[in-house]
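Dropping the structures in below, format is structure tokens.
Each of the next two complexes has chain A plus one other chain: chain B in the first, chain C in the second.
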Partner chain A sequence: MKIKVISRNPNTYQRETVDQRNKIVRNFNTPADPFRAQTEYTRALNATKLERVFAKPFVASLDGHVDGVQVLAKHPSRPSTILSGSRDGQVKLWNLPSRSCIATLDAHRGLVNDISVDNSDGNSFVTVGQDSQLKYWKIPSTIDNNITTPAHSIALEGIAYGVSHLSYSSDFVTCGEDISVWKAFRETPLRSYNLGTDTIHTCRANPVEENVIVGAKSDRSIFVLDTRQDVPLKKVTMKLRPNKISWNPIEAYSFTVASEDYSLYTFDMRFMEHPIQSHQGFTSAVLDVDYSPTGQEFVAAGYDRSIRLFKSREMTSRDIYYTKRMQSVLSVLWSADSKFVMSGSNEMNIRVWKANAAEKLGPLTKREKQAFAYNSKLRETYKNHPEVRRIANHRNVPKHIFSAAREHRVIRDARTRRDLRRAKAAGLNEEESYLPATQKSMLGDAES
Partner chain B sequence: MAPKTEKINLSATDVTPASGAEKMSWKDYKKMKQKIGKFPKKKQEFKQNGKGKPEEKFTGLTKQQKLRHDTGAKTIDPSSMRSKLQQEKMKLTKEKFEKRIELTAKAEKRLVEDTGFLGADDGEDNMLTYSVRQKEIQQNVDLAAATKHFELKLPKFGPYHIDYTDNGRHLVIGGRKGHLASIDWQTKHLHCEQNVMEKVSDVKFLHTENFIAVAQKHYTYIYDNLGTELHCLKNMYDVARLEFLPHHFLLAGGSRNSFLTYVDVSVGKEVISFATKSGNLDVLCQNPANAIIHTGHTNGTVQLWSPNSKEPLVKILTHLSAVKGIAIDEQGTYMATTGLDRKCRIWDVRMFRQLHSYSLPFGVANVAISQKLHVACAVGNYVQVFQNMHNGSCIEPYLVHNCGGLVTDLKFVPWEDVLGIGHASGFTSMLVPGAGDPNVDTLRSNPYETKNQRKEREIKQLLDKIQPELITLNPDDINKVNEGLLELEEEERKKILYIRPVKVEYTPRHKMRSKKSGWQMEARKNMVKDKIRIERNIEKHQVENEVFGENQEDQEKKEPKKKHILDRLKL
Partner chain C sequence: MSDDSDFDEIAHEKLLESIKTPNSTRKTKLKKVVKKSHIDAGALLSHITVSRASTNKAKQSLGIEGLENPESSTPASSSGKRKASIENDEQNSKKKKKKVLKSKTLIPVRDIEARKRIEGEIAFKDLKKEVTGNWTELVQSNRVADQLIFPLVKPEGLLWGNEKSEPKLTEKEQAIMKATDIKMAKERLGQMQRMRAIVGIQEAKNRYLKKIKSKGYHRILKREKRKQLLKEFDEMVARNPEKAHEKLEELDLQRVMERGSLKHRGQNQKFKQMLEKHASRNPEVKKLLEEHLRLGRELKSKVAETQENSDSENEEAEVEGKKKLGIHEILKDAAKAAAKDSSDDQISSLFNVDDFLEDTKLQKLTLAQMRAKKRLENEQFKKKTTETEESPMFEEEKAWDKEKGSKKKLKKRKGTMTKKSYVKEDYDTNHPLTYEEKVKIAVEAAGVNADEQRMAEIEIDPRKFLELNAADLTQVSSDFVEKMDQFEEETANVINEAFKDDDVVGEFEKTKEDQKEREKVKDIDLNLAGWGSWTGPGTTENKRRKNFMVKAKEKKRKDGEKNGIIIKDNIGAMDGIGKIQPRSLPFPYSRVEDYEAVLKQPLGLEWNMEKMRDELCKPAIVVESGRAIRPINKKELIGEKK
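After this line comes the complex of A and B, so read on.
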């Protein structure tokens, strides 16, 4: 008779002393766990809930300005330094890690209209103000309240509303009655472009293509200009005023426009007849926009006292930040390390927020990293399950935003119905008359 | 026209021409990359050695090791398919099978233990394994295994019900007369022993050995490993059988008054309790693969229950007389049922189809299935264990054992070659060589668990607790898209499009005699038009109500209905 009964040697399974680790014996031929799908779903649901629990985006508030923060600018080579200009003409330089003001300059009388830092070496910056002055400031290698007077200042003929350095260069452009290209320390511009009688209220130089500039005029038009040419390349007109523009730093051909009509529009420089994507969610005018250095996302400031974060090709925002005391936001900035966003608002504060609301700051252990990676993968995999989607997308918003959004929805629906009826009365069918939101925003007079 | 230039420059001093790089065709690009070495070349046929056959990859496996898992992949002949596409498909299938064989064989090489067996020596003729008594087995195996056969003679308090923990380490026995004991049966260490001074109908371990649920005369009680009463579950009244669903932390109890009760033991709340309206629920077991409760009834049916429906999910007519025992294997493939008609039937639970049926002696009662698919049946005072019942090749019992009392409960011990028998005169631990899976995956279930490991497992198990709403016949449903529902909705929507309000054309006949004025004529015309339109609208609304339900807002006001997670999967 042959016989054998399972008889295990406990030494194979148990540790010898308490100081050792417990032994793990695997059997890779065990059949799959029948509940693995449900267990994974449960974990995904829990991960989504935890993400919302830990979503505490507010990091710090930088106070010191005595008037609304009109403009924020980042330093191209020092990620920890940001610059801010307020409505009383003061410019402040901040150190983000210590959350302290490292320099205060009485730069202008009246508003500081725009600030731009030198792109070639980062050792200087230019401010323009409502007092028709252009001031040129040096940045010492260590800043400690040691900037007092501008290195150079120029009295302009008209007010300059915007200034932006060309990429990889210390040349810059200003906009106002016209567009002027300047070299540092020169009394007069290198070149000026007269684009008509309308004021140009914003301009931005492309961060990749050295000579391309986009700007917006008060006749609601957006133009693209090449500084090597005499006339603008392209010009299109929107139905409502574009407030600010930001280039996508990775896709050199696309930029996003913050518009007065509560939306943002992403344009492709090569096909400017209409935007390629509209971004909605604000319940009031959008005042500023800034791209993340990754080019995947951007942040926008709303007059409705909130800031929203968008994925660059998505219509709805992925998050909304607000606090009880934050008033209408005039300027936003996405930090150079892409981990934070800054917002400067009307009630004199600069607020620092996390770019990912639930992210844990500081060094992480290996196990923490693994757990976060696993959870984010789970959330990604199960994001379309109704329960997971509901939890992930839900945001509590202030009452004024909630009710305004509802009201706007009603208005929008009514307009859609009206348009349909009009088309029907005109004898058009539905498909012919349908216009997407991106095309509705344009006047349709594209020039090139 | 520009002169035709050589497009690819592969020298190290590759410079883009001043006129800008010319657009390269995909073919050229591929060629270039291949030359550089980034683009994988197509696998080249091995023709150098003249045989036209690629050399076999070294896998470290012998032919025999592979043969053990061969399911006939070599006989697949892709060239027998007609179309090229099918040939390619078949080739892929063949590769997949061959890969599977290799992987299984590789994994097997890492296993540390061997399966048990009982058989004749090489020289001997066929031997009757069921004539081997437990004593003989005990004498022929090693000392550690021999201690696994033992008997507890407790004739005063029987008959006994028993349960093992999931890792097979701990045993609880409960006698009808109130005797309750919890034992680490391998070391024979007694955790607790007491008499609850009440009738005990069933005992069950919860997720660890520290909690024991006991169905007593009136209520169900939960004791800890020292025998202290922790809870009294008054909503589980007069319970005949208990089951614990470890993934859901649900304690299910079938009572004699036909109520099936689910209690969530992690929060102590009753999930649902309902009358099954089908008599005494004293034959009850769970399907470990989908957490569905199976109940056997006197009319010969087996009914499948989930906490989400007060009606049985499935009713199977299994026997022509009362069902006496049900058991389901770990993978949820086979179900064994025994009935008063002296039959033991093997079912495929996934298809609810009978596979095999065997006739047994009179007095068949409980049944149990082991990890290696051995089936144990209680026949009066005897226990008969069968091998290969699931594939129909069973002609005689594998082992037979006389317990000396009517057998009331049977449980195979996971990861051991042991069958636990609760009977009228006590408890017997019977050796069944080859019944258990010898190789434990200690990450899933660990018989040598330390206290800290148990604590950690408890927390992990609680974090992964699956909600009772997710209990369905197929646990993979959660990852499926309900295509049927989508199609149905689309069709219904289309229907509405055809019932649009139609423009009503009506011109009243001109009657010479009528002396009605113009506006009177117009009013009459409008009246008729309105009438037709109203009829049409009513019809349209009716169809809309059928499709979308009544006006949705009204309905929500009436009863705010909570949406179930799995509702999206319903038709």
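After this line comes the complex of A and C, so read on.
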């Protein structure tokens, strides 16, 4: 059947122009479009669907380690260079664009406990290992398997579990039996702080304030230290062990703690009584955490064989990454250009993921940029509409995570019910008795 | 736990104290004592080795500054360089203790742990204050910012990453840099633009001058040129007569060329029209016109000769004589003269030139004479034309003029006739057509358009037209109608074929019935098993049931009588659009109006200008891929503040 349509050849009513551009007639006082809301809602829905369609976060796998990747570190000014230390004492330097290992160092006997790159000019890095050694390595301007021996090596009295460079400085702190502040090429620390008998298993120097350090001890406490003072400043104890700590690079006083109790806690250094935000979603212990250099998000590694990305002030994760063969993740890293996240896991692989799962890599045309900006704005605006939210939040997770999450939910609900009943029995008001997760995580009153 | 042990010590200390001071009550809590008792805190603070503003303040507030030993404050730990472990510190404190022991009689019990704790607390307060003062504003502004562009502080220098190393340039590069200096380049560009503008203006002026049609302007222009030329010529005559001769020849040649090109002729509108419309078709008229032109040329070009031959009044007489002759004779004469001219022209002109050169007075005279002659001739010619008005040539011209109008009408006629023929109107051949007659006369007289006329006659034959068209019309219409019918049948068949199996109307009716049934308000059955099931005379099953039924009220449906429409009566909040609408107010909003306002803001390009759209859709975080983002640099920021 022939269908007749009204169509006009533009040549019949448009004047011929030199550059093929015709004047667009606009009405600057147009009446409101009655279908505007519907159109944009539909577009938002489609944008959300497309975002999920294009969500392919896995970029590459860097293989070469022969044991679990214990620690990952980034170079502060070279976004393409990352460092990794494994459980067999090997340290590898990687070039991300070529996805190749550019240097392999047999740094320690036993596992590499921590790596930290110089924060002032990025020409050196420090490794500490289970063999009670502290090694100081030079980074040449072009790395091509040309690092063989450390520039300096110090035998420590006890095992150092963590090392971290001070803000924009080549000085660094190590933690273990005590906290020591070091200067490069010195045999002895500048100063050291004895914080008691408990082992300090992690410490991180503030990336903004050059004197502030936070760390965690094996008595489940978190402490704040000022290198200008002789004594530790503050100590709070959590109910379960804080595993790792990461500072927010653009907020001088907030840091996030990866905890053994399946969640993460963001603290405000000034008000340490309890965390200001809890981040939930993991179904097992959280082993590592690293902030995005923009300070808006962080990535966390779970013993449940997944990594999750959180917005720094939201309770639930915005995304979860996993693969079939990825075992428990021991370390994570957010790249220095904030576009990628890396995960080092127990099965010897370092995996590179996109920080935004659906992001298109490579240069974009202007129109593409505009279209992506429009779509993301639509998603943002309509994110609270049920359909949009359902699609945006839906994730297919591995069976073990799914069932564990359900189990945890049941347990959590049961506990909430129990607490409510107890409060009722004690004659307490519902609201009075309610304790948020942030406060529940702390042990008793805050103590110095 | 270590904490517990601490508590014990404090308790112990407290106990001792309470024993010493009989006024203190035993009921006060242990913790509070540690914090509040003046003696304790003062004693503890006296051993703080760090000299900080707040420590001093704290001491002041506690009223212990005066008590402090001046020596104890001097070995302050200058934090950066001093290498001090806690043990060393303890040793120091022991020494100080001894000093205090010497100086004071009353010695409080000092607890190192407690002292450290207080020291730490004070330092923590300091740090808190410092950090809050330095960063709260920045952090808050970053948190609420619409857009954050990273790096937050733009690095100085060309390359990011190694800002310190300025690129060193070789001499060649420096030369290039100098050559590509932006200031110079701008200057040069400005100059070029100015030049271009001047050229453009000049070009535009020239173009404008070229386009001027004003005869007056051109006359003036020509006169000026001529003057200039004469001036030059005069000068040349004085300096180089041979060259002047050549020049004169050249000028004459130019004049001949110009005259020959007919450029100066046929400029008036009427003449042009005549030339266009008639001369091309009518050879006779053409001939006439040509003759006319030739005559004009003759009359004009012969001025010099006549002047040469006769500079008396008999010339006028001669002309008059000529005038009395018939126009053919005049033309013949003119033609002969022209023929002669062509042979004599050069010689005469040469002769003239020689004369010219001899005397300037003569030149002037001749010029004046020439002009006078010309004027005279023109007048004569005019007179001639008026006198010979009744000559056949003019008679014909009139006819032509009329024909022009009539032709138009004829054309129109043709159009109308073809149209009229469809409506079966008789064509009146005897219709009085004054113009046509005149046309015919004119055309026949001239002998033009004979062929055209024949053609027209054939075309205009009314009977042919009528028969043909009427037949066509009927045939087409009947065909068309038939085809239309056929088409409708076909389409109906096609549609029936396509929807053979589905009874749309029936289905719709069925769904409507279902809907009605579902939405019907049902009777409430209050029957309970066993209740009211007694029997007796007069009770029937039906009656009994009715007692326990609450009858539902008949509800009038909105779509009851309307065909092809279903109006659902009871729709829940979650049935229709409620399914896709947000159920509660999302987090940052506190009022529904605010949230609605945000949703009402159109974002797309259809409802916004491009700039506005870009502004609305700008991403919250902007990062450059491949560029490292470093944490906030305190030194840089503080440097900026200063």
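Operating definition for what follows: the second predicted complex is superposed on the first by the 416 of 448 C-alpha atoms of A that agree within 3 Å, B and C clash if a C-alpha of one lies under 4 Å from a C-alpha of the other, contacts with A are read in each partner's own complex, and residues count from 1 in each chain.
Operating definition for what follows: a residue touches a chain if its C-beta (ideal position, glycine included) is under 8 Å from a C-beta of that chain, and two chains touch if they have at least 3 such contacts.
Everything numeric in this text was worked out from a predicted model, so none of it was measured.
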Does the superposition put A:Glu157 against chain B (first), chain C (second), both, or neither? neither
Touched partner set for A:Asp413, first chain B, second chain C, both or neither: neither
Applying the document's definition of touch, where does A:Asp63 land relative to chain B and chain C: first, second, both, or neither? neither
Determine, for the superposed model, which of the two partners chain B and chain C contacts more residues of chain A. C
Which of chain B and chain C A:Pro76 touches, first, second, both or neither: second
Is A:Asn29 touching the first partner chain B, the second partner chain C, both, or neither of them? first
Scan A:Arg43 for contacts with chain B and chain C and give back first, second, both or neither. both
Tell me which partner A:Pro386 touches in the superposition: chain B (first), chain C (second), both or neither. both
Quick check on the superposed pair: does A:Met1 touch chain B, chain C, both, or neither? Answer first, second, both or neither. both
Could you give the residue numbers on chain A that contact chain B in one complex and chain C in the other? 1, 33, 37, 39, 41, 43, 385-387
Within the complex, which stretch of chain A touches chain B? 1-8, 10, 12-14, 22-31, 33-35, 37-39, 41-43, 46, 385-387
Where on chain B does chain A make contact in their complex? 104, 107-108, 110-121, 124, 127, 132, 136-137, 140-142, 144-145, 148, 247, 288-291, 330-332, 415-417, 431, 433, 436-444, 446-448, 450, 453, 463-467, 470, 475-476, 478-479, 565, 568
If you look only at chain A, which of its residues touch chain C in the complex? 1, 33, 36-37, 39-41, 43, 75-80, 167-168, 188-194, 196, 207-210, 212, 224, 226-234, 249-254, 269-270, 293-296, 336-339, 361, 370, 373-374, 376-378, 381-382, 384-387, 447-448
Any idea which chain C residues touch chain A in the complex? 2-3, 49-50, 77, 79-80, 82-87, 89, 116-117, 119-121, 123-124, 127-128, 131-132, 134-135, 139, 142, 148, 150, 152, 161-162, 491, 494, 579-583, 586, 598-600, 602-607, 613-614, 616-619, 621, 623-635
